[in-house]
């Protein structure tokens, strides 16, 4: 009895399971007439897919996108676009073995309570991070549409464990940043920090442990006037979307929790006129005031917990005999999920922002040659 | 073209403006047959209302609830319940004076972009914190219904500026905590910290400045199995609701951003059996795994920014001549909004959680004598 | 546990009861910047209000609209507009008397099953036709906005009992038709038929009985291309709205049920070019094909059942002793609800159509002087 | 920019095109733990599929259901269930040929206006009756769940052209009726009328023409107390669903349009006690009063227009040169769509009714052995 729809006008519907036949997404309300190339979606998927580097899970999946509907003559038709990737490298044997032993900080127990034990538990079923491949496919389309309005979304690894890159990148060219980011298997922009992060991840991997991190997201050229008060605030809808990604423990906009220690005179962003446009001289608000975009870059960051699946022996409960026990998980797991979540975060952000723009009737295409 | 509805089955609709006739809320989908006393709603409103202590705004409002529909013979009928408070102590003169001067970190600019200049700007109109009085009224009913399932929600001031109360209160009696909290005008549970906080607020007030803080929220006895993956996750819906409150800059569940620096072996909560019930030996997850409640206390905290309205002179822009200028705001403002937001946070939390329970068909009333 | 919201982008929320304090509506998503005059809303309400002629109920209600929010300087602000009428001439004594005796074809029994006996039964509570005064208020605004796009909605009495006006009026000036209609207390356009209808209603009134009828609705200048396949079809949304009005038993678009007896070669509307515009030479489709408007007049008609409240003695059940009994209803009732439903039908039609236009981003205002 | 979702708690998402890769449906919110056999879905699909008799289109499609997600160990998991049928016998050549010539009473023109010419026009794309195969798959599951509450839905051909079967069947065993119906290729219950109808259809087929008809639907054992006032009325949601099926021109509940000619004393259904249960002695209301079920059979009927695709020469417009022209359609078409729509109507009815029951929290499973 779940609810797998999201969005007011651009509505996505998520389906599929980690060890079922496939993972998919339907994106409804996407404007007609936009040229869609499979390559663009595939490029995004490739950044999320497993096995892309030594620090990601060794599950081997091609994650090749198939578009099943909604495209005709290489353009969007206005009809729902259904996209899937098939599950190939499925090894459910380990899940059978442990199916009565609750994995710590995994959904096993909650899921039993929710679905009376009928949920597909193999590879965490609907709760697997693999489900977010659907977000990436829909997000690829949303990003593509936003680019036609010159809106750009960029996320990167700000921190892994205690190693943190505190520099600001709002002013830089996103094109360059993207290249820079993809040169780092941990998707950190600072090459030195990147090396440290990789080393840390390899270390926890050796220890059969995992590590968390922070992802920062910046959106440039987002028009002022999008969003609204109360339940239509940009923070409400963005956070709603973001927390649909597994493993997120927190979100903060602009200076975020730091605002709690600030005075108004420090935190308030003075209005100025620059390039004949009203702007703020700094951007502690993170580009959103009163739930509505100000035209300044939208900035937020999220906390990613360490992967729950670790090889280290853990204390837990066997529900078949209701006795406490020890669990040593086998299987293929990411020691740190941060580098892959970056692509998912960009995707869900694009979906939320395009939905706002479409719902407000502010989407503009320049002619039919898109 | 906003969207002022929220909720799947328990649906609230917010309306009214800060300096209009009234502020109101409609709560639809509330179960029939529950005894509703105005007093309970009023008690909650009184905790949010302005002018309740020396550290809140001096605007004088009785904020007396009027129930306009949905109640018959003192019970809910199953019909939409409309509740309002009237605006009495309205002084819009200052807003007329400044209507072309953008108040820093206020919605003025975003709102003009959004509503083409037609929004009611007096007292920030729909964007005023006063709108949340509607949440409090609806939240009072939601809390009341949740109590019938023995679910309790409690929020308190964890930090004002740098002064922070790091103690844990999950194990304590909420009844006692509530008394303790109401003894502090800043709603902090630690009497010593409370005094420090009050002193800090008075200091920033003298400086014609403001200060931010952190509110922590704990929910006890929430049943396991509520919520779901992706867009129906408890974090998604709770954060959606929470960010509908003005001035919130961040939210974190369980250990939150700290998770980013933790290893899986530290962060994972071991399953144990206690009192013949499956529990976790610690609760870093904050009572939610995979978007679904675990039966452990739900714990989250939010960052509240310093009130944007300050008396200190600020740099800004006059939109009538598009020139930069200085602004010295008059008017009555809270130097710190944290103590009043606590009640609003409890309210919106109750609304979200009751909606989940109703939507899943898990609401239970014991007999008709409610 | 009802659901009193309707609409994708223009969303109305209905509240209030027949014998409670008031009946109200909130309209959310209405465009900002449109001049709103109370008079226009009042004029519409006056056409629906009770006691307007010898053939309507004698309940005396001024039904004076009060706008509680969403308007500033006489213009819509983009915020939710809350409008109410108060209940004044309430006489609930009769309902107390009969509260255990099920009125035939009234909601009494269904409502007890639905709300466990807690619903407000006085004057049928939420199920009263009086609730539709809210639709009329919201509809007045929707009509007003549609007029800015030159879209006109017109409904009239096509039949009362067996007396039917079969003439077509699509080609006539709606302004003239409206005057003509308002000259008839039964709102029939044919003066002779009108007299017959009034005589028939007076006859059933004398017999302490009631009579049904048919209302026809025509929309002119509705742009082609609005609506969609499946659940967003114009017929789906229009019928959804229409059946929210009590006493409707059927709806048919274009030739409607007659289509069942027709051949394709008769029913199909040939495309032609007229005035350099693609049109159809006839309009059996009623202006909608594939759920989408064709640019031809939208035409549909609805069946209105005879008022359930009649003075004649009826057979029924007393639920307090579960025995069959006889019921002779007192009270003030319309012998025929058709003339008042016309205004309600126009209203809900306007709401649905404006919602479609707004949701598709097709609403156009010519400048700020609206 | 369409909207292909429907339902409050049981939410279906329709996707696919007539000549694309497939037609599909996702059903979300279906209860966990119900045994699902492909056979049951296939049996339903077989009743809708083309080529099943001499009076249906000769398009050859196996229409074999594939379940892509949401089922595990042959049971529903609570996750979204995605089901598809592939398109095999696709011949788009004729559509290429005529793509600039507007087919009378087809969506061609509306669709161009709606989607700026980007819609997939082959086989009418999203507007094809083939899309309703998705409804049938989802409906098969909904019917299956409703049967566990002993709720039965039955539709049949009441009329083809002027030939009409006026008998009542509410009292008969649905099991027998179903057998009887499936013995008739036109799905009429009266064998004599059935022969007449088949003869009529064959006659119009020879004339390269088509014919309309009426389908009646009866639901037995539907519990009292489901539905609500205004926008949650059973008539609102049922008609919303029904008009999502192409080719429907009207719907009427109970006596429907006949109510327009009736007096209250005739139309009102007297309450009686029978079998210790409160019932009505007749059922002109069609089992719904005030938008809520009464516990009596729910009865409604729909008007189906003659298939728009006919072989006869028709007058129309060529949009490439904006000139009027003649069109003689080739291709494979149903001379009468009524016999196939019956299954679709049952399906969408089941979906709507199960959604109501789930949304109200009234769904009951007796144990886990479902």
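By written order: A, B, C and D. Residues from 1 in each chain.
Heads up, the rule we're going with is that a contact is a pair of C-beta atoms (placed from the backbone, for glycine too) under 8 Å apart; a residue touches a chain by one contact, two chains touch by 3 or more.
All figures in this text were calculated on a predicted structure; none of them were measured in a lab.
The chain pair B-D and the chain pair B-C differ in C-beta contact count, and the higher one is B-C.
The chain with its CA mean position farthest from that of subunit D is B.
Taking each chain's centre as the average of its CA atoms, subunit B and subunit D sit 46 Å apart. We define each chain's centre as the mean of its Cα atoms; on that basis subunit A and subunit B are separated by 27 Å.
Averaging C-alpha coordinates per chain places the centre of subunit B 39 Å away from that of subunit C.
Shown for subunit A are the residues that touch two or more other chains, namely 1-5, 8-9, 14, 114, 126, 358-359, 361. Taken in their complex, subunit A has these residues touching subunit D: 1-5, 9, 11, 13-17, 20-22, 24, 26, 28-33, 68-70, 72, 75-82, 84, 114-116, 118-120, 122, 125-126, 358, 368.
Taken in their complex, subunit B has these residues touching subunit D: 8-9, 358-359, 361-363. Residues of subunit A that touch subunit B in their complex: 1-6, 8, 14, 102, 104-107, 109-114, 124, 126-127, 131, 159, 161-162, 204, 207, 209-214, 223-233, 235-237, 239-244, 246, 248-273, 278, 280-281, 284-286, 288-295, 303-310, 312, 314-317, 319, 322-324, 359-361.
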